[in-house]
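Two complexes, one shared chain (chain A), two partners (chain B, chain C).
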Partner chain A sequence: MVNYLIVLFAVTLVYFASAERLVIYVKLIGLQGLLLCGIALFELKEVNTANLVFIMAETLVFKAFLMPYLLTGIIGSSGVMKVHRQAMPGFYLLLFSILALLSSVILANALENPFVNTIYMVIALYSLFTGLLLIVTHRLIISHLIGFLILENAVFIFSLAMGSKMPMLINVGILLDIFVGVLILGFFGLRLRPNTNELTRLKD
Partner chain B sequence: MSISVIILRNKTLTKFITGSFALLHILFTVYCWLNLNRTELTYFTFNSPGVLLLSVLSLLLIPTVYHGFIYASGDDTRKFNTYHSALIALITFMTGAYLANGMTVLWIFVEATTLAVAVLIYHDRTESALEATWKYVFVCSTGIALAYLGILFLGFIYGREDAATLSFASLSNIISQANPLYLKVAFVFVVIGFSTKMGLFPMHTVTIDAHSVAPPPISALISTTLMNVGFLAIFRVYVLFSSSSVLPFMNSVLILSGVLSLLIAAGYMLKAKHLKRMLAYSSLENMGLVAIAIGVGGAGYYAAFLLLVLHSLSKSSLFYQMGQLSRVLHTFQLDDCGKYMKLYPAGALVLITGMVCILAIPPSGLFITEFMIFKGLVFNGQWFVLISAIVLLCFIVYAMSTRIMHIVFSGPRKGSGPEIPDRLNPVETLSQFVFLGIVVVMCFYQPPFLVDLINQSIAILPV
Partner chain C sequence: MTGFVLILIAASFFPGVIVRTKNIASGRRGPGILQPVREIGILLKKGSVFSNTSGIIFQIAPVITLSCIICALLVIPFGNQNALISFDGDFIFFSYLLALGKFFAIIAALDTGSSFEGMGANREVFFSMLVEPAFFILLATFAMFTGYTSFSDIFSNFFITGSHYVFIYSIIGFFLFIQTAMIENSRLPVDDPKTHLELTMIHEVMILDNSGFDKAMIHIGSYLKFAVYGALIYNVIVPAGWNIFLQAALFLAVQVTFAVIIGLIESFRARNKMNKNPKFILSLSAIALISFVIVLIITDKLI
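Coming up: the complex of A and B.
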């Protein structure tokens, strides 16, 4: 079952590369949160119940609902529905995404380890590359934020891979989630325009 | 103390609490010196490199607090208290990062510094401050996530239930049996991630923007003690892996990162029009040299630590002086600055002395460190790195010296300068002269307690 969830997670990453509407991005982030909750439930059987409940609650509340809710609010207030027209076209991004998947498979196999399931490694690396691709190729701040959330999910999958042995690593990883919360709240608080692509006041 | 400053809402009390905090911090550093290598509260050890960099922080604390009082004196009580609350929090987090004895604890404190610094960068509430804060938080968050991936790779190597804290001591026992590819991946992630804090290539941009808008006393901390935090995080992993077969790989990564940092610093310093950005690029240059020094190995290890200490003293002096310069000339733009020697001779002397010190021109103590690095490069036969570094440093010396000399002696390129320049008391420059004096003295004499502590910090590394 857990393998199906992981493969489904990979499908969402492919979809990220081809989608251009921000609302799709938000839905995919929510879906990834739900999938991570499921993966945590199946994977962390050896962790004590209280810790498992905490981790699942965090993924469900924070990743699956709170984040998409906040992002929907940002999109609603900015009125921007699609990624910036100067962003890399979806087709090329898809090609890069496939390249990233192949690289992830090769790298994960090179990094075979008795403590870690290789499929986790593949998807975590793929998620990492996809997040970085979105940050690098897109122009809008909101796209960068979504790229960062994908990258953060990659960190969570990595920590899940070790979670049964070292639950402390997941708890520390959750700190990163809280940090993202502050990031997004700061985004609201500082009233930076999410549709801006002109953060160029500071330059030489 | 940080919370009490926010709650009390009284400027005088805030000054008293912040001053007391600075004194307590100095006493704590003395306590650390007296109890070297002792572990407290399970997660903190008063280890040599940590205590050395903690001492630098303590040394900078009084002038930073003093210049902070002056900088924020015109602010309303809320803004004044927020500034000092964030400052106390930042110093506490940096102290925690210096003394952490495990990777996860170190990471948590480094993550926490980002939040405190963000508040301080946004202090002036301008559009530029907003942009710099956003960039700082976003890039640091990405860097921190990547650094955490590096830590997770350490976890993969260990894979045991008793490794909850990933302490350096527990990891050092199993590194020699680990898969070298894991070590390489972990090290690359750690270098990229913590380079946001160290201000090193490839994530150097974040600190450059932060410097241009942060209050000068905060720039002094970001450019010195916070960069030292980033260095320490990378150095801890370097020390951990140094007994394995990946040592040459780590050295290559650091030297590459260092040379590219020098290249970027040289390129941008030649076109810098903003004084604080120019100093920020100078920090990038010095961190590049630190990375090269570690990559060189041998005497380079000693040079790296001495360079960090002396760079902290010189650069903080220059940033404190930038605060005074902006009060006299009301600008940081190079084209609008000039005749500083006439307007504020004490400040102009600090600028000239600081320039000599930071550019490693004898009798600056930094000259000794650069000499040791170049000697190491010659000894290793790394001629390409040596020639690249020397050529790039020539550009940097030219760019910085022409700009500083212009400010001190020439008239402004645009306009005629401020109509009624503010007059400042020369006593305000006292701490800057003391720090620069220490840097000069270090060229001829390095006190045994400092030499011993640096040698203890690098004792475990291969010769």
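Coming up: the complex of A and C.
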């Protein structure tokens, strides 16, 4: 079952590279949260029950519902519905995404870590590269935020892959969640404009 | 031989089921399921008209295209029965036979000297080029998964590998074969066969100059191609070892379902903008690549 969830997670990453509407990004972030919750349920069998319940509650509440809710609010208040037209065309982004997947396979193969499941390693690296690609190729700060969320999901998958041996890594993943949460709340509460280009028009 | 006959039967009602589904979805009565076959009968009785600017290529291309497709369907197996032609690497033979047929259709379109047909040929070859990696990566995945490199061996061993990943490959194969069939046959969301404006056409604009007998050849080729992809879909979702009569019934059921899916897609989905098509097709390659990476991992080819 966990394999199906991992494959679906990888497919969401491909969809990230090809989607152009921010609402789709938000839905995908929510779906990734649900998938990570399912993966955590199946994978973290050696962690004690209280810790597992906490991790699942955190992924379900925070990643699957709270984040998409806050992001929808930011998109609604900013009125920006589509990825900026000055962002890299989707075709090239998808091409880079495919290259990122190949690079992830090569890197995961080169690392040869016996303690980490290779499939987790590949998907985590692919997720990491996809997040970075979104941040580098898009111009809107909200895309950067979503890119950061994907990066954070990559760290979470790394932590799940090694969770049984290194429970501290899971805590690092959750700390990142909290950090991103504060960041998003900052945008939500302060109503910052998502388009940083407008700052260039400021005059003193 | 059973598979070959079943594909021919499926091809005869396939376009009719698509049209019937579209009619029901839009609340119209519509013609019978065999109406496209009757239309082909009418076209076959007519002669062909050739423009003065076109040459021999234009005259022979429809027949070559159809023969390539008929040869390609000889390598498609049915259930446990081997295909009429089966050898190692026959999926490459299959793919390049279809490509050869398409190549002749494209140079025939260029041969007419019409700028519209050249434009259509340009688009069609570009989309075919983009969908080719997805098809090959998917079949390479199947080959690696089962350990065989011919269609007959791949599909007869597909469900007896004992791996629990088989359902993932079934789903991915089902999805990618449907999308590849839609692109190869120039259907929605990449192309709309009912479009009336030459500037937005892809496949239809390429065959504007064909008439009568030649046009019948092109239509038969298109229907056969659908049935061939339907047979591939059948092979990845139905285990090969079942009773032959049950398999034949399921084969026809899968073909009808495939045609209904196409009819529903064409009824409820809009066509992509032309500049969005490359991205859409490339995303299929990305999905195929994910499945390939997984098969590399489960067969211990990595590390």
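Assume the second predicted complex is superposed on the first by the 194 of 204 C-alpha atoms of A that agree within 3 Å, B and C clash if a C-alpha of one lies under 4 Å from a C-alpha of the other, contacts with A are read in each partner's own complex, and residues count from 1 in each chain.
By our rule, a residue touches a chain if its C-beta (ideal position, glycine included) is under 8 Å from a C-beta of that chain, and two chains touch if they have at least 3 such contacts.
As the structure is a prediction and not an experimental result, all values here were calculated from the model.
> Is A:175 contacted by the first partner chain B, the second partner chain C, both or neither?
first
> For A:23 in the superposed arrangement: first (chain B), second (chain C), both or neither?
neither
> On chain A, which partner's contacts cover more residues, chain B's or chain C's?
Counting residues of chain A touched by each partner, the higher count goes to B.
> Kindly classify A:141 by the partners it touches after superposition: chain B alone (first), chain C alone (second), both, or neither?
first
> With the two complexes superposed on chain A, say which partner A:151 touches: chain B (first), chain C (second), both, or neither.
First partner only.
> Is A:128 touching the first partner chain B, the second partner chain C, both, or neither of them?
first
> Where does A:159 make contact in the superposed view: on chain B (first), on chain C (second), on both, or on neither?
First partner only.
> Which bits of chain B are touching chain A when the two form their complex?
Against chain A, chain B makes touches at 104, 107-108, 111, 114-115, 118, 122, 127-128, 130-135, 137-138, 141-142, 144-146, 148-149, 151-152, 155-156, 158-161, 163-165, 179, 181-182, 185, 209, 212-213, 268, 271-274, 277.
> Of all residues in chain A, which touch chain C in the complex?
Listed in rising order, the residues are 3-4, 7, 10-11, 14-15, 17-18, 89-91, 94-95, 97-98, 101-102, 105, 108-109, 112, 118-119, 122.
> So in the complex, the part of chain A that touches chain B is made up of which residues?
It is residues 110-111, 113-116, 128, 135, 141, 144-145, 148, 151-152, 154-155, 158-159, 161-162, 165-169, 172-173, 175-176, 179-180, 182-183, 186-187, 190, 192, 199, 201-202, 204 of chain A that touch chain B.
> Write out the stretch or stretches of chain C touching chain A in their complex.
Residues 164-165, 167-168, 276, 278-280, 282-283, 285-287, 289-291, 293-294, 296-297, 302-303 of chain C touch chain A in their complex.
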